[in-house]
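Let me begin by presenting the structure, written as structure tokens, before commenting on it.
We call the chains A, B, C and D, going by the order they appear; numbering starts again at 1 in every chain.
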Amino acid sequence: MKPLRKQGIILFTVLALVLVACGGAAEETVEETTPEVVESLESPAVTTASTVDTGVGVTAEACPEAIGGIPTGADPTKGCIYLGLLNDYTGPYGPLGPALETGQRAFWLWANQTGGVGDYSVAIVEGFDTGYNPQKHLEGYNAQRDSVAAIAMSLGTPQTLFILDNMDADNMIAAPMSWYSGWSYKSVDKGLVIEFGSAYCADGMNAVDWALANYPVEVKTIGIMGYAGDYGGDYAKGVTAAAEANGLTVAWEYIVPSPEFDVAQAVGLMVTKPVDAYFPAIGPTHMAQVAGGALQQGLMPLSMMAAPSFNDAFVREGFALEQLFNSGSMYLMAFVAPYEAETTGHGVMRATLTSMGIDSANTFIVAGWASQHHLKGVLEAANKGGDLSRAGIRRAAGSVYVDSDGMMPTRELGQNRADAESFVAVPDGTIASGVRLLAGNYVGPSAGGYDWESGPCS
Amino acid sequence: MIIFLQATVEGLSLAAIYSLVAIGFVLIYKAMEVLSFAQPALAVVGAGIISSLAVDRGIPFWLALFLGVILTGILGLLIERTFLRPMVGEPVFSVAVLTIGIDILLRTVLDSWIGINPKYMGDPFPTFGNFGAVNIGGVNIKYLELAALITAIILIIILSIFFRKSKYGIAMRATSYDQEAAMAQGINVGRIFGLVWMIAGILAAFAGFFITGGFNTLSQFSFISALRALPAVVIGGLDSIPGAVVGSVIIGLTQGYVAYYQLTFESFVGFSFGNGFSVVAPYIIMFVILIFKPDGLFGTEEVERV
Amino acid sequence: MVVIESLKFNNVTLKFGGITALNDISFEVKPKKLYSIIGPNGAGKTSIFNCISGIYRPTTGTVKYGDNNINELRPDEVASLGIARTFQNIELFENMTVLDNILIGCHRQLNYGPISSLLYSKKVKKNEIQARKNAEEIIDFLEIEQFRYSYIMSLPYGVQKRVELGRALAMNPDMLLLDEPAAGMNNEETEDIARFIIDIHEEMKKTIIMVDHDMNMVMDIAEEVMVLNFGEKLAEGVPAEIVKDKKVIDAYLGVS
Amino acid sequence: MRGRPNLYTDYQKESSIFSNNTQKSWFGILVTLSVAFCFLASDYWILLLTTSFLIAIAGWGLNIVSGLAGQINLAHGVFIGVGAYASAVIGGVATSSVIGFELDMIFWLPLAGVAAAIVGLIIAPITVKLKGLNLALVTLALVFIGSHLFSNFKSVTGGAGLGRKVATLKLFGVNLERGIEIGTLYLQKNQILYLVCLLTCIFAGLGVKNLVRSKAGRAYSAIRDGDIAAEALGINIFRHKASAFALSSFYGGISGALFFTVSGGVEPGTFSLLYSITFVAIVVIGGAGTVLGPLFGALFYTLFPALIQFFLHIFEIGESSLPLNLGQLERLLFGLFIILFLIFEPRGLWGIWFRLRNYFKAWPFSY
């Protein structure tokens, strides 16, 4: 007999023996992984139950006192609901990831101190660094899926889409940190993504409408640059739609995936085909390089930035482009009213942050905080319905009224309709948050006339 | 036409930067037959030192630049002494991999210092007049680009005088020609190796500054720009300094023209080369040239001896 | 058994840039001869070997082995015709054992590809055991048993020379090119090598071309001798004639 | 006969993989332990070891072309990528943006290797002409050209920043995505993958061992140590360099197919220069040109982060008190290990093991 074949047989024999021998030990894992799939997403969830079923990620033991260096504010007499966190610490949103996380942790600190969710406090586990990469995002999801009831933040559109099938199989819902218009439609998100704020697509339309109505210089030719498959595509769709409606010329569209965005090429476009206004939906690092590069070529067109393109560091003293961002040619679409806004939610947030010793008015802390309101609403509904298993939470997310203390419009989740009320702001170094709100809950004629029930823009 | 000139200026300034790194590669290769993959790391470390001195410590920029360049040179010297010296006589492959190790070492320390927010050099270029550019007949030339061009030309002139006239320069030429004969002539070859690394470090630091100066900023990805000097060296031939310069010009201009004309060209021919093409174009050129001239355009052919 | 062929140089000239390494060289080595090429350093002896084994291409002229124009072949194709060689500055594979070096010599006789290698099929096994037997015979013949598992770098020079001879023999060649087999050896080692060469020639009936500048050994064992100087052929003939040739004596005395 | 390691009673024994019963039983014990591991260890450790096996396979691949045949290849990651995408296309699910045929693992696993090998052969006419540093530089260019193609070949790769899902785990028509029940035994997906990778790893290792103890392996080493002498011995350099590249790519392709099946998705940005260089470093640290080296290197690479944490724990060093974060510390030490091994132990971990083994063979009689 060939030695190889002989070895193969030995190997298989050993394998088989060990498999049989270990058979008993592995048995108890069966029930844990057998998935329970929700029969109907439309089935009524919000009933009042006396006992609460729980599942993965919900424990009778109390939450730890602090995770990630921030207190959870958990009640030691209550159980704990764990939430996953897929954050970016090293990729293009690396500069913003920690701020988002601080906002989220601060939110649950406040929520736990004010009663938590039924008999439970809520804690976000240690964040997983996804590097804004879909593959690592999935790895992070797999690392956390067996220990969390839902995901507090899944950063990025393509990344979240990438794990959607797995989320579906696990009945895992997630709050996104992305405003893709698809999140509002079950055909795209399978009812799993708990969206908040206006979609990029609506922002894109409102950006065009607002600029035409309010910018002192006439805009005729525009350019669009953005990250493909990401908010760039969605924002570009909105901008294109509004440009068409208003008879503007789109001179160029530079939409490439974020890892391939070439600043030299973007600047090259602005030089070779000058425009009156451009609509960037890129990351902050690239934004500064593009704006600075264009300026060095003597170009300073109107720039209507999608929210993720801006970082309040741009208007801080000592930043080389401070003057440019304060020059009145740069505007941004904000996802939520800035730190200083006068709503109940903003007030509570400011008080909580101050009590934590955080005096930063960073826009991304606000975004992080705001992102958790709807998730809390869903968890509360699930608790009320007596089912805090993942399937129960998913069912609850299918139809629930959520409110954010005035931070965002009150709305019903699970409706196939995207939000269109945008915030328009201008960078302003004299304000703590770095942005001054110019228009809140703004809906321009393009977004107003658009049929939002028709499905996602891109 | 103005756009063409603009692309040419951008390309030439890139060429200047690449040639600084490329000459460092060639010097080390000529003297020791070592291909140093640590060169791009030295460039960004140089930029890091300048930034930390000028911005974090508040030292006047010109002094910081001077100190940064010298310190990077000394770092090169130290690397040669500690890591390269024990490897004399080892196979080229081992030494090349070793320099990859050095590259990882240097960049890890630097990356941890950079963090996630890009660093500025504190240079005077962005705040000059019209945000640091001069307009000549419609062509915008950034002061930074101008400085890179002038610095590269001056350094190349200084180096060629150094090799022709000074005692050490002549000794270096002798060493690169025949190591053993040089030793027999009483040249301290070890000292020459150190000197070569020091010069390479100084050149790299200048390149590092021009890569990251102005709005370009120093980030964890800056080294990729310096790495593009590698195809320049290969195109020119590993052991030829004029080759390194020519190679750099080829690579720089390619990148400049691709950045400005790729999209126009693609819409003309109706075929896309793909996103980020300007970044791979140099490598494709290098690939093609190596197929036809395995020793580069100016490299010496190896003769086999049995 | 393949018919043993004769080797013919027809007006071979070899130039490197401005230097002429070989100038219009012609000679013939008949089958089963022990032919020797002598000459001072730089005379072009090794260049002749390099022209035979395909490392250098003659600038003009042809090298024929039987009907084959071997000046057009790659080194491995030349080797496949049954021409083995050793090198002046020992080109053994230093990171391997003596046994492995000799087994590499058997490369040509092993008839299977890399995929079979990977799977180690029955055929491979049979082949390998046969090769191992052949290798052992050569080890026996050259009396290097105690070095079988030693790494080359750890061996003395004389033994390395013997191993290299063994590696060439392992190819089971018809013609053996020996480049200074006795260089750098003491008298005793030289005698050993001479004995091996004679055995190879007489018992194994192989054609041998030997390059050396040790006149004594060459004159003792060679059947025919060619003398080179500065790339030119000075003389050719049986040893007894050559030692009397005035040009040869001049050249040798002039150099050494 | 025991205790006399270099005494063989016949040639068959001498050329076999395990020359004595002690070695054979050690191998058996190791395999048994490895199989048992997946039922005893936590998911974390199972994943870690699965990764080690796959890195070892890729490492062996690189070792064939670089360690054995001495051809520097800085683009091994590209071949791994080719394997990953081949398997994703053959075994993956088609979506609106990417193609996929949802075939069985018995198709996609070998074909992934074959696809990578074919790419290796296609570029062989270029690579075999070059030697040493020039070859290294061409492969460097390959890294950039390869990742450019990966990023832009969207119907296959999903595009940069987006990526695609990989092959589904289906073997002999049985879908294993949700685990499988065999009688009373329940195997989770990660346990199945662990066993598949272990098995592949064992066969890959035996393959390398077979290679070095027969014609092709010896020819590769000959080319590495002296290509002129090798040619003079009748070794066709072109064919052997090309076959070394093809075999190496085959291993890389197999590894890539399984590697990304374990992570679930693959994004073109993965196949960067650093990714390829990591494999070079793993082979160097493990011991280039040796059979066990890449396995040692792979285990070292995947386990040393855990080791660092262990030491930090023992010496009660808090993560926050370090000047670098853990990831950076790992990278720093990794770089340092490359340097230290090259300077002090060019034969890598294998060299250390070799000396230890010889020491204990002679124990208690030291020389």
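The working rule: a residue touches a chain if its C-beta (ideal position, glycine included) is under 8 Å from a C-beta of that chain, and two chains touch if they have at least 3 such contacts.
Because the structure is predicted, anything quoted here is derived from the model rather than measured.
Chemist: Which chain would you call central, comparing Cα centres to the global Cα centre?
Modeler: Smallest offset from the overall C-alpha mean is found for D.
Chemist: Going by average Cα coordinates, which chain is farthest removed from subunit D?
Modeler: Checked the centroid distances; the maximum from subunit D is C.
Chemist: So which one's got more C-beta contacts, C-D or A-B?
Modeler: Most C-beta pairs in contact, of the two: C-D.
Chemist: Just the number, please: Cα centre separation of subunit A and subunit B in whole Å.
Modeler: 40
Chemist: Using CA atom averages as chain centres, what separation in Å is found between subunit B and subunit C?
Modeler: That gives a centre separation of 49 Å.
Chemist: Starting from the mean Cα coordinates of subunit B and subunit D, work out the distance between those two points in Å.
Modeler: 34
Chemist: Please set out, as single numbers or ranges, the residues of subunit D touching at least two other chains.
Modeler: 151, 160, 210, 228
Chemist: Please list all residues of subunit A that touch 2 or more other chains.
Modeler: Touching at least two other chains: 3-4, 257, 260.
Chemist: Counting only residues that touch at least two other chains, what does the list for subunit B look like?
Modeler: 275-276, 279, 304, 306
Chemist: Could you please specify the touching residues of subunit A with respect to subunit B in the complex?
Modeler: 89-90, 94-95, 252, 254, 256-257, 260, 262, 264-265, 267-269, 271-272, 285, 288-289, 292-293, 295-298, 313, 320-321, 324
Chemist: Give every residue of subunit C touching subunit D within the complex, in rising order.
Modeler: 53-55, 74-76, 78-80, 84-85, 87, 91-96, 100, 103-105, 107-108, 110, 112-114, 116-120, 124-125, 127-129, 132-133, 136, 149, 167, 171
Chemist: Which positions of subunit B touch subunit A when the two form their complex?
Modeler: For this pair, the touching residues of subunit B are 3, 6-7, 10, 116-118, 120, 126-127, 130-133, 135, 140, 142, 214-217, 219, 255, 259-260, 262-264, 275-276, 278-279.
Chemist: Quick check: in the complex, which residue numbers of subunit D touch subunit C?
Modeler: Within the complex, subunit D touches subunit C at residues 6, 11-12, 14-15, 207, 210-211, 213-219, 221-222, 224-226, 228-237, 240, 243-244, 247, 289.
Chemist: Would you mind writing out the residues of subunit B in touch with subunit D in their complex?
Modeler: Its residues touching subunit D are 35, 83, 86-87, 90, 92-98, 100-105, 108-109, 111-112, 227, 230-231, 234, 238, 272, 274-277, 279-280, 283-284, 286-287, 290-291, 294-295, 304, 306.
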